[in-house]
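Each chain carries a letter (A, B and C) given by its place in the written order, and its residues are counted from 1.
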Amino acid sequence: MSTQAPVASASAEGAAPDATFEPVIIGFTCNWCSYRAADLAGTARTKYPPNVRLIRLMCSGRLDPTFVLKAFSEGADAVLVSGCHPGECHYIEQNYKALRRFHLLQRTIEALGIEPARLQLVWASAAEGVRLANEIARVTEEVRALGPLNWPAASIVDVDGMELDAVWEATGGDAGGLPATPGGANPKHGAEAIK
Amino acid sequence: MTERIGVYVCHCGTNIAGVVDVAEVTRWAAENLRDQGVVVARDYKFMCSSPGQDLVTDDIKEYGLNRIVVAACSPHLHENTFRTATARGGLNPYLCELVSIREQDSWVHTDKAAATAKAKALLAGGVERVRRNEPMEPIKVDINPATLVVGGGIAGISATLEIADAGFKVYLVEKSPSIGGHMAQFDKTFPTLDCAACILTPKMVAAGTHPNVELMTWSEVEKVEGYVGNFTVTVRKKARYVNEDLCNGCGVCQEKCPWKVLDGDFEAGMGRRKVIYTPFDQAVPRVPVIDRPNCPYFQKGTCRACEKFCDAKAIDYMQEDQILTLQVGNIIIATGYDLFDARRIPQYGYGRLPNVFTSLEFERLCSAAGPTNGNVVLRDGKTPPKTVGIVHCVGSRDQNYNGYCSAICCMQSLKFAHLVRERTDAEVTNFYIDMRTPGKGYEEFYDRVLEEGGHFVRGKVAEITDAARLPGEEDKLIIQVEDTLTGKQRRIPMDMVILSAGLEPRAGAKDLATRFGISCSFDGWAIEKHPKLDPVATMTEGVFVAGCVSGPKDIPASVAQGAAAAARVLGRIQQKQMNLEPIKATVYAEHCSGCRICNTMCPYNAISFLEAEGVSSINAAMCQGCGTCVAACPAGAISGTGFSDEQILAQIEGLLSVGADGAPLKRTAYPETHHEAIEEAVRA
Amino acid sequence: MSPTAKSNGRATTAAKPKLAIFGAASCGGCDVAIINIHEHIVDVAAAFDIVLWPTVMDGKYSDIEAMDDGEITVTLVNGSMRTDETVHLSKLLRRKSKFMVAFGSCASEGCIPGLANLSSRKEILDTAFSTTSTDNPDGIRPIWEYQAPEGVLHLPEFEPMLRTLDQVVDVDYTIPGCPPESKQIWAALQAVVAALNGTGPLPPKGSILGAGESTVCDECARKRNVKKIDRFVRIQQVAQFDPEICLLEQGLPCNGPATRDGCGALCPAVGAPCIGCYGAAEGVVDYGARLMSAYASVVEAQKPDEIDKVLDGIVDPAGQFYRFSLAGSLLRSSKAAWNTDGEK
């Protein structure tokens, strides 16, 4: 049996990509370059699609692959990583580490069946507001064409029409030491347990 | 801890409210983020105003809030404002988060519904993040009152004198044998036509003799360690082979030295100097240097004339490089520029056609102390030119070489036109693209030169050639140019052509930047903290830039920047202590296995490996808070304050709790099997 | 806990805490590891009333069902949640137990069977039942319900995705390893006994037992230097590895830096790279992410094509980074596994 997972087809169910599908994309920016570029795009009133929600890190070198995987597992359709141009990192050379992590991440998510185009890397200096806006627009359209990723949620809300809450209540609920959230409520994956 | 979070959504007039439905976002937050701990949610026209800030301060006291989220403009604008308001309410300022719904939302999107939905998502992200914020205190560091100035040109000298005059110690390190920089090479300065040496040398002397200045010429910075207020700098003072303490600057050694070499530095290759030399007569210090690779004593063991004639017995062939360690609190980098190498434009013939000169070469020609005693003559050293062409924008404003404008060449070219007319009867033609004369007195200078009667051709010179085609072109340099004002191609014969070559970053600029821990752009210009509002600071605390190191500029701007950098440094020295943002990484030794993956993650050398304990350790003072090591650690043993895993993972959850339409993001579930039979059995 | 047990026909020993050891979808290795505590097994039998241990002794599910909730003091579950029977029994045992322990890698993070989550159920069954090594001319597939003359038989259904124990029930403690080292098992059991006797502390809920606080490098005797990796190799590509130096520095992808210690770093000691069976370090959310980040951070290359050249040495990223931990990772599976199109 092959150890490689077959890459899932671009749009699920083989249907045509939904033209009204609005991707939800998480973007990681660095405080000194790409976040400032986004701010510059704002000050210049450059318009771009509203699909990317940006997180500010101090440096692209802070980018932990955990963040990218967390974003996918929480429902993002794509992740955008951005930082200073190689050679211009405010912290000298940290974006090279980000670049290498990005490469390895992309290979791994591809092995897990996520289209590599759902993880994109854009370098943008603090002066490149318009360019960043254009790249965001480009990525949004590429992801729109791929369709929703729709990664399943860790905590199950409803399966096969069964009200799982009722099931848990009937089987003793909390008293039996059962988790408050039914199904796969792994404390590691829920918001509460990260303390 | 039970969170009690206050949420404040700013209208910013109509900047936000015109696109984002702020009332709806506020209402939504109050209702949907209650489980996350939101107890009060308000919207207000201008949160940054006094009454706006008071909302925060008062609510903290009245509602016992322990976290604040302000959804408004960019944190780069008002993070401090709201942190201060939070502190006034009695809460640790780092428990306040800013969410940008202006630059990142209302200003960049047109679809109001989508922008409102995005604002909800961004706010949810901020709320989830702030729940994981920890109270922090800024880190206080002492400031060493000594300052290092790197580069002894006009900007560096400016900075040095300001600080020294204020009563504080300055180490001025210059890699040439003398301070003065490029300005010392010029003949006259625009627009006043002051003699460059006349206005510069008094400053050079002042710097060289100031009791608070320790001048280290023929020296280079090799290593910089430490952090603001506490830098340890390693300087290599190269061997001059002349004892500085004994030398009295009489100059006899230079007179008597029988050996001359081409001077490619100060004389720009136009003249020669002795092997034991000071770069120019007014050099500071007046102590000469022996050019070892060209000295027959060092190469063959012969001569020793300088030693014979030196009354002060200052010649010391055994002298060695000295490595000095300096402790300084702040550093000002003023290392200047290099001239664009005009040989890179072969069609201009520089280096091949003898009478094509660069700007620096021409400055040396004009200089009274230069190789031709100030006579403007051709390369043969005697013939004055009858026709001179001055080409602007050589290597500047050119997609093939440097796209930027070098700022000073137009004025410099006009100055050359004036100087040629002053010293010869030659006809002068300036070949320009635009005339850039923005400074004080610059436009007036342009008028003056126009009145003096030069020709001006608007067009980028295509070629300078000696291949004559038409009568009158023999033995001349022909400038081939499109005259855009007449719309014609022209061939204009010249005796002499001067190329106003552009300014470029110094050859070792990127290495220099790395050594000092600052960034430079792709071209090599040092990057300032903010190009508009903070042009002399860099992103690295304690390191400042002045003069052309950060980009082409004229002498008044360089002097102003030198003084500005000095003022910033003096401010720090006067305060004696500084607050640093407490964004730092820490290794938890109990979880560290000593795998050493993190050891190469820090460009500031803040991470060291403790052999005895078998763990890695981070020097908090040197840590700049980038977080790279936090992300790299395979054991998760490094944590970072301010941008912890907990905070960011929570922010991701919050951002993804809202879909593109403003409703909760629709999720599917992992497939699972269910049987009635199983459920019954479990119920049993 | 009452010293007199509920009457259900079984003889009870007063006050001995009850212990259940259940193998879900398990290879049996964890049971072997427990037995490998050798003569200490007698101490275990003395300290506990073992009410369920299918590998070793007879027992009936109905006995468990008849118990009170919380009557079993400690249940050790090894193996993963692969069929609905294992899910059902885990839930049952959860109700009946005071403390539930995820024992071994399968229960705590999915282990090797978790790699089944790289494929859909249909693909797995097709491969098992219709490859060239299987003689299955009628294309038979397992069925989950069978109408027998006596009634409907419910057979354990192969769940669409493999899950870890804590994705199914609330878990109190975890003992990692594939299998957990027998020394560590004995240490953990002693700690449990001490806690029950009141002679030792009760570890906080969620604790990892029988393992260290750090990672395998802590226990590894090899000499470590700063890491600068310019190539990744497979173990068969190099004739001889230096026995003194860190394996990762020699280009062999060793999972030691990201893997919890406690095993004694047995594999690197004999020249085999750590493959990660003890799972993630303290507080880590996704094992594979940590390892990926560590490797990528120390690759000696700056340009994209050079980086790719080095990373080409990791031929199977999913396997390298999630060999044991896929089911317990953030994504839990590949897309193929939960995309159940085309399935009945």
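By our rule, a contact is a pair of C-beta atoms (placed from the backbone, for glycine too) under 8 Å apart; a residue touches a chain by one contact, two chains touch by 3 or more.
Bear in mind the structure is a predicted one, so any value in this text is a computation, not a measurement.
A.B. asks: Taking every chain's C-alpha mean, which one sits closest to the mean of all protein C-alpha atoms?
C.D. replies: Taking the mean of all protein C-alpha atoms as reference, the closest chain is A.
A.B. asks: When the contacting C-beta pairs are counted for A-C and for B-C, which pair yields the higher total?
C.D. replies: A-C is joined by more C-beta pairs in contact.
A.B. asks: Using mean CA coordinates as chain centres, what's the subunit A-subunit B distance in Å?
C.D. replies: Each chain's C-alpha centroid was found; their separation is 35 Å.
A.B. asks: Distance-wise, how many Å sit between the C-alpha centres of subunit A and subunit C, to the nearest whole number?
C.D. replies: 28
A.B. asks: List the centre-to-centre spacing of subunit B and subunit C in whole Å, with centres computed as mean CA coordinates.
C.D. replies: About 54 Å separates the centre of subunit B from that of subunit C.
A.B. asks: In subunit B, what residues contact two or more other chains?
C.D. replies: 601, 628, 631-632, 645, 649, 670-672, 682
A.B. asks: List, in ascending order, every residue of subunit A touching at least 2 other chains.
C.D. replies: Subunit A, residues with two or more chain partners: 64-66, 70, 97, 101, 152, 154, 171, 183-184, 194.
A.B. asks: Taking each residue of subunit C in turn, which ones touch at least two of the other chains?
C.D. replies: Where subunit C meets two or more other chains at a single residue, that happens at 91, 95, 285, 290, 293, 297, 332-333, 338.
A.B. asks: So in the complex, the part of subunit B that touches subunit A is made up of which residues?
C.D. replies: Answer in residue numbers: 74-76, 100, 102-105, 107-111, 114-115, 117-118, 121-122, 125, 128, 132, 510, 514, 517, 519-522, 527, 531, 539, 583, 601, 603-604, 624-628, 630-632, 640, 642-643, 645-646, 648-653, 655-656, 659-661, 665, 667-672, 674, 679, 682-683.
A.B. asks: Report the residues of subunit B in contact with subunit C in the complex, numbered from low to high.
C.D. replies: It is residues 590-597, 599-601, 609, 614, 628, 631-637, 645, 649, 670-673, 675, 677-678, 681-682, 684 of subunit B that touch subunit C.
A.B. asks: Which residues of subunit A touch subunit C in the complex?
C.D. replies: The touching residues are 1, 3-6, 8, 12-13, 64-66, 68-70, 72-73, 86, 96-97, 99-101, 103-105, 107-108, 111-114, 151-152, 154, 171-172, 175-179, 183-189, 194.
A.B. asks: Going by the contact rule set out above, which residues of subunit C touch subunit A in the complex?
C.D. replies: Listed in rising order, the residues of subunit C that touch subunit A are 69-70, 91, 94-95, 97-98, 100, 115, 118-119, 123-124, 127, 131, 163-164, 166-170, 172, 206, 285-286, 288-290, 292-293, 295-297, 299, 301-302, 304, 307-308, 311, 314, 316-319, 321, 328-339, 341.
A.B. asks: Going by the contact rule set out above, which residues of subunit A touch subunit B in the complex?
C.D. replies: Per the touch definition, subunit A meets subunit B at residues 22-24, 26, 32, 35-36, 38-39, 41-43, 45-51, 53-59, 61-67, 70-71, 74-76, 84-85, 87-94, 97, 101, 125, 127, 133, 150, 152-154, 156-160, 162, 167, 170-171, 183-184, 191, 194-195.
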